[in-house]
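By letter and in written order, the chains are A, B, C, D and E; residue numbering begins at 1 in each of them.
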Amino acid sequence: MIHRLLAVLSLAFLCGSAVNAEPFVQGGPIGSQTSDGYNALGPVVQQPIDFPHYRHAKDMGINCMYCHTGARRGYVSVIPREDKCIGCHQNIESVKDKPRIKKLFEYWDKKEPIPWKKVNDLPDFVRFNHERHIQRFYFRQDRPVREVCGYCHGDVANMTVDRRVKSLSMGWCVSCHEKDHKESVTNMKTSHGPNECWQCHK
Amino acid sequence: MSITNLLNNWSFYRNKRPYRGQYDLNRQYGEYKWAMAVDLDICTGCNACTTACYAENNLPVVGKHRFEHGQVMHWIRIERYWDEKMGEFPEQGTSFLPMMCQQCEAAPCETVCPVAATSHTNDGLNSQNYHRCIGSRYCSANCPFKVRYFNWWNYPSTAWPAPLEDQLNPDVTVRTKGVMEKCTFCVQRLSEAKSRARTEYRLVRDGEVLPACAQACPTGAISFGNIVDPESKIAKMWKNQQVDLYKDMQEKDNTVRGYRILEDLRPFPSVMYMERVRDAEA
Amino acid sequence: MSESGINRRDFLKVLGLGGSSLALTGCGNTDVQSGVEVVMPNVHPEDFVVPGLSVFYASTCTQCGSACGVMGRVREGRVLKLEGNPESKISGGKICGLGQAAVQAQYNPDRLTQPMVKEGDKLVPTTWEKAMALLDDKTGPKSGISGEQFAFVTGATSGHLKALIQNYMDSLGSKNHFVYEAVSPAIGFAANRQVYGVDMPRLHLDKAKLIVSFGSDFLGTGASPVHFAREYAKFRKAPRGTLVQIEPKMTMTGANADRWIPIIPGTEGVFALGVANELLNHEEYVRATSPDIVALVRKYDRETVSRATGVRPELVAHVAALLWEKTPSLVISGASAEGHVHGVQNAMAIQLLNKILGNVGKTVDGQAQSPFPQIAPSAGSFAALKAMNDEMGGGKFKAVFIHGANPVFTAPSFMGFRENLRKAPFKVAFVDAIDETAQECDLVLPILTAVEDFGSHVAWYQPEGVEVSIQQPLMEKLHADTRSMGDIMLDLVKVRRAEEYKAWPDFFSYLKTAVVAVKPVVKYTDTDEHFWYDVLSHGLIQVDAPQQEVGANFAAAALDLSSSAPVQDPKFPFYLIPSERHNFRDGRHANLGWLQESPDPLTTVVWDSWAEIHPKTAASMGISEGDYLEIASQNGMLKVKAYLFPGIHPDAISIPLGQGHEALGRFAQGVGVNPFRILDPVFEKSTGEIAMYGTRVSVRKTGSKETVVKDEGPYNTQLGRKLVVTLPADVAQLSKEI
Amino acid sequence: MSKSHMLALFNDFDEASAAIRELKASNLEGFDLKDVTLKSPIEHPEIEELLGKRPVYVQLFTFFGATFGALLGFLFISSAQATFLMQPKGGKPIIPIPPDMVLTYELFILGGVYITVLGFFIGAKLPMKRHKLYNARVSEDQIGILIKAEDTAMPAIKDLFTKHRALEIIGEGGK
Amino acid sequence: MINTFEEREVEVERRFVRKEKDIREDIAWAKINSDVLRSLERPRMLFWVIFLGSLALFMFGVSCEIYQYETGLGVANLDNPQVWGLYIATFIFWIGMSHSGTLLSAILHLMHADWRKPIYRFAEAMTTFSLMTAGLFVMVHLGRVWQFYYVVAYPNERWTWPNFQSPLVWDATAIFTYLTSSMIFLYIGMIPDLAICRDNATGFRKRFYTFLSLGWMGTDRQWANFRVTYLTVACFLIPLAVSVHSIVATDFAVSQQPGWHITSFPPYFVAGALYSGCAAIITLFIVLRYVFRFEEYMTMPILEKTAKLTFAISMVWTYLNLVEYSATWYGDDMYAKQALIYRATGDYAVFWWSMNFLGSVVPFTLAFKKLRNHIPTMLVVSILLNVGMWLERWMIVSPTFANGIYPWTMDHDQWPAWVQWGMVAGSFGWFNMLFMLFCKIFPSVSMYEVKEMVYHRSLHTKAHGEPSVNHELAAEGGTAS
């Protein structure tokens, strides 16, 4: 990966042409979302419950932010609180006896939190602000949620347990921050992402 | 990285900072310029700001031995000076000076860091990126105010015996040995406030966010705000005190109290101090 | 970080989410990773809890008696920081360093986490069951203990815990509730009662154009430092007030004075009368003053006063001239004027100036009269401990409870308190960290800290109306084996009065009931539950109450200071000034690292004790900074480093209080010396309080030397740099400022 | 018509130069002056002159090395500064000329030195395998003349060397 | 003794006429080879003892660094104002030391001063090794050595670059350029000698030298390219050497600290560097001459010339030093003036005055011919001069920190901890080790250039017919050894 980057960069330098990350690409199999050289398939993570993202996001067409409520209003996108799962599932009789749902109710009955594993875990000194990205690209630019979230998280709607599909390296962040983005659907003024250390490093 | 980029933006890249209009409400990046004003007349020297800073910014308690060796980590310190012309007794009391990073516009520390761990933000702060720092300490050597503090020891493993580490602020990195740190104007609060404001399609309101020292200060000697906004208290104070951010020599009336420390070295600090007043007839 | 058990405090069910990520550069997680860290979702949190965002809860700071309203910042179930509560009339959204440090008391590594019982000479861990059984055994109905044989020592208390303690004492039929504060305002209160008829009048610093303070460190350690600091800020704004401070050793307030006048300790009253004499040259003042007082005051002419006080005669006239010039003014007496044999007279002489100047009713008036006497503050005094100690020495008490005070540390050695305490067969301490007193006790019970516990407080200095400050837990209790002081007291009360108290399973419900009972007083019309949450979210109940009447009664006889000349003893030529530091007070907070590392404002010394000595005196004795001095009184000797300090009377030596702990954990133990130990048995004659400033000492250089650990560099001036610039007040145009 | 090598060793430069001078004048069939190689323990420009113009191109390398070092150096540094988003520094422009000049200067020298040395290796054909007619005494104190000539010319050359008191004459066959 | 006028005249005449030669022109070339190659033979026991001593010293320095690495820089007893301490002082010292090699090999080469030829090789080696030692201190003083690669400008996945405005980056670039260039220069200049070694070695060493000599045969083509290359690189090295130490000077001069913010710093540093380098050359000259019995090559006239050069440079340094003091004194910069007064009267006064004494007064011994020719004196003086120069660097770094601009943070009593001293000592062990290895692996006298020197001198003698005056070299060498 680094070699490729090196090659691209030195070539770009010599030719005097700018390196730009390419636009959003939707869908596709895991790991094939972009061709910017930043794909990095993370390990398969064993979760306490094999949460079927495809069922919720694709089959049922639920918006990501229905569960990940923090994404639009805070730094953390938030693993949904347990009563949120229960809130729906206690009324869905059809799947109540499925093993995964049973397991969920076991946790709920014990009033224990489910120990999910972090999949997209940035270094501790990085502060990624979900709110800003969602506000800009989802609410103001009015792009589809699967595209906005999928730019970093990949095509989660086609996954069961989430898996990291991007390197999430600093260069990858910068490659997008460098580009000019429209302010909103109506405001054609463009601006690039913030470029100072303290925006992301705490 | 391209020659076209170089040629197209050459004049921008050659702008000498600080330049007038660097912070401008009309530019998207430049909506904020955080600045401070410290009224030395009402600073009582109580050290509330120092302790607040310890609490907010995960400053380690270094202990007596290390304090003795000058390795203390207080980002804001209260200096106490006796008058030079003092007789037998300090009859006019003493002078307290809260000294924190002055967030200089032309910061001497920034240019000398070999790895660009310290640079300028769009809000006019002098940022210090701990993860980039390799610990050459050149910035501290070049800081006229000596407000940069180096982690001489591995404090994460010693300064917070359990369960003291539970107090640590998760928004602020705990610095390991070998990196430089300094006052950030509580940037974690600023960016939170900015984010909130942007979501609501507005700028940060005056007084909406304060650094820990300004918030704690019982006398309110420390004022803080966005100097770009002409309606903010801080902008009015700077204007009233006839201190211009972009000037290295202020031309002001002698009845006005505002000044910046060590202005003759031309660092263009973002902290304005207001002179201590003493009733000469008392 | 995953405690999520259903708890009775259901509003606090915020715990959960992991990722209490402490970002450590170099160590910790420094790379992008997957499937390593665990993140715990909340099970059933409050709606307003968003992981990653802070929630602020209103509470009350209990670090000193000011009862400032605070806001606790809570993230992921941990309290991280305290801020001032803007709604509080006392704190006004501000907070001092001492208050900030309260979170360190919570997370202190040396906290007591389980009950301890004494076996042999050592305290060993035990369980709550055994501890409560032991309590019942020794103090329960079966023990046969009478009210006479029981004593309860507390620090200054107020609020519903005070009421509960009172109820417990009542249930035992005991009257031995001793409220003890090592550094107490009792002398000042006594004087105020005589003069104004109230303990403490309300002082309007902001209204005054001139403040003459006789040793009152109102900015650092006074009645309500944060409030006074805010008032002081207003006082300094245009039209700028002038502060004159008269004291033997510069306090933080003195450091901010426009004119600081050193004076021989104990002669403040004489100086005040001297000023009064000068003032009475003005006819209008004479008219307002009774003739016998005029006659008394006339004895104090400039020269006499100067001879007694060591202050230049023209300064007496100067202060008087200032008072004449700037009205309204305010004259305050403080600890260093009051801590003498004739403390009350001193204070009264000082208050006389207010009377002459007509300040009473203008800058000095009454506080609001609290409508809740049962939760009103009981200020501590030294006399209480003295009485208790005498009785205990006689072997009267079978059981002694101690809470919120550390008399073994703060009682002067001449009292032999430690030995007397040992005579009591059963001693119980309620502490959050083992202090010197707890070490002497037979049973030590770990209680919750202020940020974990419910409570209510009423400050004895109320700036506006009456503020009942509510203290609520900012987080789950940190250590499972600790209990709320209120819960313990309620359990103890129930032992004898089970019927009356059965409605309340715990202190929380007791407090809630009591608070809700206030509803009619504040004319709240919604439901009880709403009221309760309203109170919790604001952190206080603000009650409008009528002002106390303030008189101005002076009798010439009470002002007679002719016998106040200090006793000269060639063996002990120096006055000892045990100065109270704004961060440590009487030493109960010495175990907080932040406070230890927060430099003393005037000397910038940290982590230590030191003796302040005037450079002139030092030069004559060949003392330089860092020299170890032996400072001996008739009752003991301290070895302490010298610090040359120009802000002290040349005949005085000052050692700060609060250090010199033998217990209290790693941050306090073995740091500095304890000047309480060497105090002489000198008492204020009318109140029986110890005269803190009445001890005489000798000073000897030992020859050994060590660096004084301080923030200050080798120079203490600005070396010609323009760092702090001073502008004369007549040049500055503050009124044009924003 | 095969060519072969012959090495003659001389005691000092005078004899060697005399031999070369005569070789040059002899105009032997099957022998060219450019096939003469002088081997000496020290440099000796005077004799080298006798061998005719044998140009050295090192300076050319130096010129290009230094020029490109400086040019690329400045471009590299300034465009890195222009692209590095976190670069803004108070008090100075993003692309400051004096510091960049310092670095350009260093890179100018770096390029110059490196490419010069590269030129040296190319020009001197180093590293190379030693010619089999190398004699260790050349590195000590003797001067060798290596010639390449038609076999027919060899005897005459050999005579010529002998006349000039060659200490030793070594042919390809080890003669 | 001298009574008559004539006698006196004869004496005067003898003094003028009798001019010792730098080198005898009748030394057989084969003897040069064998003499120099002798130094590469199996070392004596004493060599190993000293080598192991140096190694032990170095290992001590290494363990100090490991301790510091594990614990944090606090163990070095540095603090907030006093952030650099001995590390940077010693760094400048070693950088300065490196300038002598360039002076001898490049500057004197361009000036056709051929007396440099027998001694430049070890001086150049000294350049390389002292740069390598200096590099250690850059590493050692970093808070996070393990992140050192952040200074290197390479495209990376973080999309970051170093800060090209920082003098430390200039430093890194300049030192890298200088180190590699001088290594190349040393190596290129050594190729003909490596060929000699190759021709005289057997076994493993033969293969080693064969590899290094790249097949050098001394052909006219090689020599012609060699000549041009050597000259060109020398031309580059001179400005490079000047720029390197000027850049080190800008580390200080571009900052605002009193006592550093001085215009004359770059030439001052360069002069100081040449000064300490020359002094070090004298020391090593004497040692090598004695150890390897190089009396015939490292002759007294050469030593004398080096000493004269040193004296000249010392006076330049003294002048620049005085300029600095007087400019500071005369100028109106309060901070700098206070710092200067502090240097002269404060806690560092002893070191400051010894620095001035050793740097400006002691070199006057070099002005006397008798002393210049007295080897023990020269050894002692050269070492003293270097002590003085080390103190100079320390006096640049530490007192400014102790008494900077800001009065509150001034710190007068921060004495370097043993860890710092340990690493300073370790650096000498390291340098010594490298140098000793060099002397045993590579010829420390340039054989082919001595031959050239001998050859050209003899040509000159032949042309001018100057009578060969008796040589007292052997005799003098004898007294010295």
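The rule is simple: a residue touches a chain if its C-beta (ideal position, glycine included) is under 8 Å from a C-beta of that chain, and two chains touch if they have at least 3 such contacts.
Only a predicted model underlies this, so the values are computations on that prediction, with no experimental measurement involved.
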item	value
Neighbouring chains common to subunit B and subunit C, by label	A, E
Chain connectivity with subunit D absent, coordinates unchanged	one piece
Relative to subunit A, chain with the most remote C-alpha centre	D
Chain pair, B-D or D-E, that carries the greater number of C-beta contacts	D-E
Identifier of the chain whose CA centre is least distant from the whole-structure CA centre	B
Centre distance in Å when subunit B and subunit E are each reduced to the mean of their C-alpha atoms	45
Whole-Å gap between the CA centroids of subunit A and subunit C	53
Computed distance of Cα centres, subunit D from subunit C, in Å	90
Centre-to-centre distance between subunit D and subunit A (centres being mean Cα positions), rounded to whole Å	63
Residues of subunit D whose C-beta touches two or more other chains	76, 79-81, 83-89, 92
Per-residue multi-chain contacts in subunit B, two or more chains	1-3, 5, 72, 77, 79, 81, 97, 108, 111, 116, 119-121, 129-132, 172-173, 177-179, 262
Multi-chain contact residues (two or more partners), subunit A	9, 13, 73, 123-125, 167, 169, 174, 195-197, 202
Sites on subunit B touched by subunit A in the complex	1-5, 28-29, 117, 119-123, 125, 127, 129-132, 171-173, 184, 187-188, 191, 195, 198-199
Residues of subunit A touching subunit C in the complex	42-46, 69-70, 73-76, 78-83, 108, 111-126, 163-164, 167-169, 202
Complex interface listing, subunit E residues touching subunit D	28-30, 33, 153, 159-161, 163-166, 169-170, 173-174, 176-177, 180-181, 184-185, 188, 191-192, 195-196, 198-200, 214-229, 232-233, 236-237, 239-240, 243, 247, 250, 448-449, 451-452, 455
Sites on subunit C touched by subunit E in the complex	26, 707, 711-715, 717-721, 723
Complex interface listing, subunit D residues touching subunit B	75, 78-84, 86-95
